[in-house]
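Okay, so subunit A shows up in both of these, paired with subunit B first and subunit C after.
So, the complex of A and B:
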């Protein structure tokens, strides 16, 4: 079918205002903020309801047109770039908050709902509750984040990756059927992923290659009144597992992050363990502070380490969620860009990952920020190798690209799993994957998406 | 485009903070709120301007729509995460418009606006001699060395609601005993929106004409009806030799608020809508609220998006005249009056003639005339005085 006819058909579904094949729109939707090559879509379409998504997917299936669902479009690794053309399905018109269950602690939102909007809504209408915010800007969407196994500021204390906090899904299958998964499939409530095995898992962490998520049930958690932060400084990378282990062991930290960077100069060579903790009373907060400090006592008495006095302006930054500092990092090179490899890895590999990141960046002549967030009470770390670059310095862009590829390989070699990784990283994972697992994945995808229209080019062997 | 702006275009990360207010309540960029394509966000606009200047995308009607639908409300400046470039965002968008103006490739509605201002001396294409009609029957003095010149601008002169507002403010200033005069048909367009739409030459010409007129008359202090005129005279005219002390009328009324306070007062629940050119452009959030708070019995409630977080009415940046945002339920004016209603208000107080018109029309479009009304600030005071 000719592009003009495709656009006509799509306009009939969502209205003239929400479809475009204008060069300006195709330009913007052909690329993200990272260093992956752009690929032009044939059109951009913005559905306003699940039934419109059904109509779009059925049309795309009939005409064999690739469809790439997009939330906030902030992954940096090209996962919403249409590698094989087709349609970008921008979900952000579907941003209604449908339900908050105060008793059973969950919210139901449409797929385009942003992290920021849910946070603002909860602060106003249900101030005793909060959800786990990723470090991404507030424009990141709830559905986009669970589709990539995202994590956030409650991932340490409240049960792991955001995909694990899902209590139910509504999904449009690549064949056009609308399905509900979890308790919402059987009763009018979204409190659990039962009955049946975890069918929601078929759509979590697949980067939009198995269907289009249209609604999400997501867990909410208490929002304690008091909040503080401690920062433990070390100068020996090998201390990281011990320091982190002691903090985790107190069961008192809400969020635990570890970081090192070459700037500012006076902190070069130091590592920060940032411990956020909350409480319902000042007494509880003081008790937690005292306990967290006490577990480090022998360390700071015998080693070159200790708690850093945190000035108020710095503390405000540590307590902020979502953090603007992460976006500001893109301007470190005065060039509006940064890329990173996230790698889910065992905590004991953090020191090796830090060394590897420093070696790779030194070899490619680029700068870095390295670190990790603890996931699930110490089950894993989400390690990040972040490399800022100047968007108009093409030589630097190329060096960052090479560093990324090398970092993906290194993360795998260290026993980690590259997270929401670009196509090259996906292929590196597939090369190392058990052949039986890969075959199973292919069979499942073939069942779900027989025409192969969903975000093609991802999770495929080159 | 000036290198100052060219040199920062690539530094936008397109992280999207600019779409929201500081409290993330909802999308707060009127162009993005309306069109929803990433291309209409401030970040998208940054990337597209760069692509356009680099020759990667052509000049087109769509590009014109994207650039000229920005309402210059400065929400993006307020919320951008990049401290080293954020202050220049809107100036950069205006510079990109100027580039289009210089190349002669602007949307027809923008061209018509410039033509009307150039030929008729006002965007309404109304006769110049009608400029002073708003004041007929009020007995106001022409400016002749009174303390203040009261400048009402195009909307105060020609728009029905703007005229109503100009009369109400003038009468309240008379009641307060403020010494002021008007220019009547001698007023000249202030040029704020001409500049915002990128016609730097015409804006400079209008500024020079106004400065020359006021110098000739010996004007020292100006009270502006519109935050747009206030902004131009306060921030742009000094570049053309002006030494005027410029106030928005709410800043003057604030001084007299206690004196004007009626005895019995109002039983209204009022929410105040911050105009962008008074609030985010000039940091004035307290004066209008002080005036409202002086009205006894008036219950002032805030919308979710207030002060730095206010949602523009959609009229800024010349859109009041060019209508580049068009219509529909996602038009920011309509979203704004729904928000006012949700805040529990029965009255939206405005302090800008453009906001007055935009929000009044939005109330009609929403069909909520029975639930909420739009009134200009001095009208609310006068109403309370009448009841007192």
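So, the complex of A and C:
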């Protein structure tokens, strides 16, 4: 079918205002802020409802048109770049918050609902509740984040990756059927994925290759009144597992982050473990502060490490979620380029990951921020190798690209798994994956998406 | 580099050992105090070198002006005692270093030296500071805070450059000889620490309270008495210039602030807790902050007035939680002027 006819058909589904093949729109949707090669889509469509998504997917299936679902478009590693052309399915119009259940602590949102929207809504209407916020800009969507196994400021204390906080999903399959997964499939409430067979996993971590998420049930958590932060400073990377282990062991931290960077100069060579903790009373907060300090006593008494005094202006930044400092760092080289390898790895590999990141960046002459967020009471860490760059400096872009490829390989070699990684990283993972696992992935995709229209090029061996 | 002007014979002959006996954080009987004191004088290791909270108060307590605190810091540094964990110490040394980003800037009196705290220059406003210019930042920072880190050497190394910067880039080209020190640290550096190490100061330092008092005298007709009870959080560096402490009462007298009797004021003033926190002495921090704020409450004060920005950042929140309004001295004076 000719592109003009495709556009006519799509306009008939969603209305004239929500379809475009204008060159300027295609240019924007052909790329993200990372270093991946742009690929032009044939069109962009913004559905306003699940039924419109059904119609679009059925149409695309009939015509064999690739479809790339997109949330905030902030993934950085090209996962919403249409590698094989076709349609970008921009979900941002579907941004309604459908339900907040105060008793059972969950919210149901449409797939285009952003992190900022849900956070603002909860602060206004349900101030006693919050959800786990990633350190992405607030425009990142809830659905996009769970689809890539994102994590956030409650991942340490409240159960792990955001995909583990999903209580239910509504999904349009690549063949056009609308399905519900979790309790909402059986009763009119979105409280849990158990005790049913857990089909949500067919759509979590698949980068939009198995269907289009249209609604998400997501866990909410109490928002305690009091909040404070402690920052533990070390000068020995090898102390990281011990320091983190002790903090985790108190069961008192809400969020635990570990970071090192060459800038500002007064922090070069030092590492900071940032421990956020909350409480319902001042007494509880004081008790937690005291306990968190006490588990470090023998360490700080050696004078080789210690808690950093945090002045009020600095503290305000540490208490933020999401952390604005990360967005600022993303533009430290100016020119708006930023990409990182996030690698999910065991905590004991953090020191080696730090050394590897510093070695790779030194060799490629680029700057870095390295660090880790603790996931699920220490089950894993989301280690980030973040490399900002100047987008107009093509030499720097190339060096960053090479560094990212090496970092993916290094993360795997260290026993980690690159997260939301670009195609080359996915292929590196698949090469290392048990053949039986990969074969199962292929079979599942073939069953769900016989026409192969969903985000083709992702999770495929070249 | 000049050595510290310190006469060990004066200390060895001292029987009162006021420097230890009056210390609010070290509790030793007279005999033990003398024993530990003499160890320090002889350059030996002493428990005091490790237990010292670096509150500077012994500089004030010494009846002979023999610089016991500067000597303690010298010995801590020589014997490798680190009051604050090394990563924090090293990071601070880098953070506060002169950056060489200073350029010629003409100033006109009154010239207020904001120390490192350029961030506070919003407080230099109103009739109180008519026509004032400010200087501030790392290139004019006195570095006296490194007394808390057992690093006299850092101050020694940086102070000549800092004073040269102040003169060369600001005062000399402007034909100004007088510098009003916003922070006690700077005033203490130029009037106490520098002379103690034989370093000549090329300008005339003026304490902020001295300036405020005399400016308020000029504006006396416009003052509306505050009629409020006010506590004063005396900073550690005021121990280096106790001759300026009377200005607090003088200013209070002019602005109609009452200073009710408290346990922890004047010579008994307690540390804000900021430095002991950096030294990881968290129980002590809780204890002294608790005692200090309870003492203010018991005295029935409405305001707690600060001159040190670090004390303000450290203590403002607990003070406010106790229902007491934390305020900088210059702002309290502005309030009395209706500004």
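One rule holds for everything that comes next: the second predicted complex is superposed on the first by the 460 of 462 C-alpha atoms of A that agree within 3 Å, B and C clash if a C-alpha of one lies under 4 Å from a C-alpha of the other, contacts with A are read in each partner's own complex, and residues count from 1 in each chain.
Just so we're on the same page, a residue touches a chain if its C-beta (ideal position, glycine included) is under 8 Å from a C-beta of that chain, and two chains touch if they have at least 3 such contacts.
Everything numeric in this text was worked out from a predicted model, so none of it was measured.
Once the two complexes are laid over each other on the shared chain, residue contacts for A:283 go to neither subunit B nor subunit C. In the superposition on chain A, contact of A:331 is made with subunit B only, not with subunit C. Legend: residue contacts after superposition of the two complexes on their common chain; A:293 is shown touching subunit C, with no touch to subunit B.
Comparing subunit C and subunit B on the residues of subunit A they touch gives the larger count to B. Contacts of A:307 after superposition on the shared chain: subunit C is touched, whereas subunit B is not. In the overlay built on the shared chain, the residue A:29 is in contact with subunit B alone; subunit C does not reach it.
Of the two partner chains, subunit C is the only one that A:267 touches; subunit B does not reach it. When the two structures are aligned on the shared chain, A:46 is found in touch with subunit B, with no touch to subunit C.
Residue ranges on subunit A touching subunit C, taken from their complex, read 233-235, 264-270, 290, 293, 300-301, 303-309, 311-313. Within the complex formed with subunit A, the residues of subunit C that make contact are 82, 84-88, 90-92, 94-95, 119, 274, 277-278, 280, 282, 313, 317. Across the complex, subunit B is touched by residues 17-18, 20, 22-25, 27-29, 33, 44, 46, 72-74, 90, 92-93, 114, 116-117, 119-120, 123-124, 137-139, 324, 327-328, 330-331, 334-338, 390-392 of subunit A.
Contact residues of subunit B toward subunit A in the complex are 10-17, 19-20, 23-26, 35-39, 44, 47-48, 51, 56-58, 60, 62-63, 66, 81-85, 304, 328.
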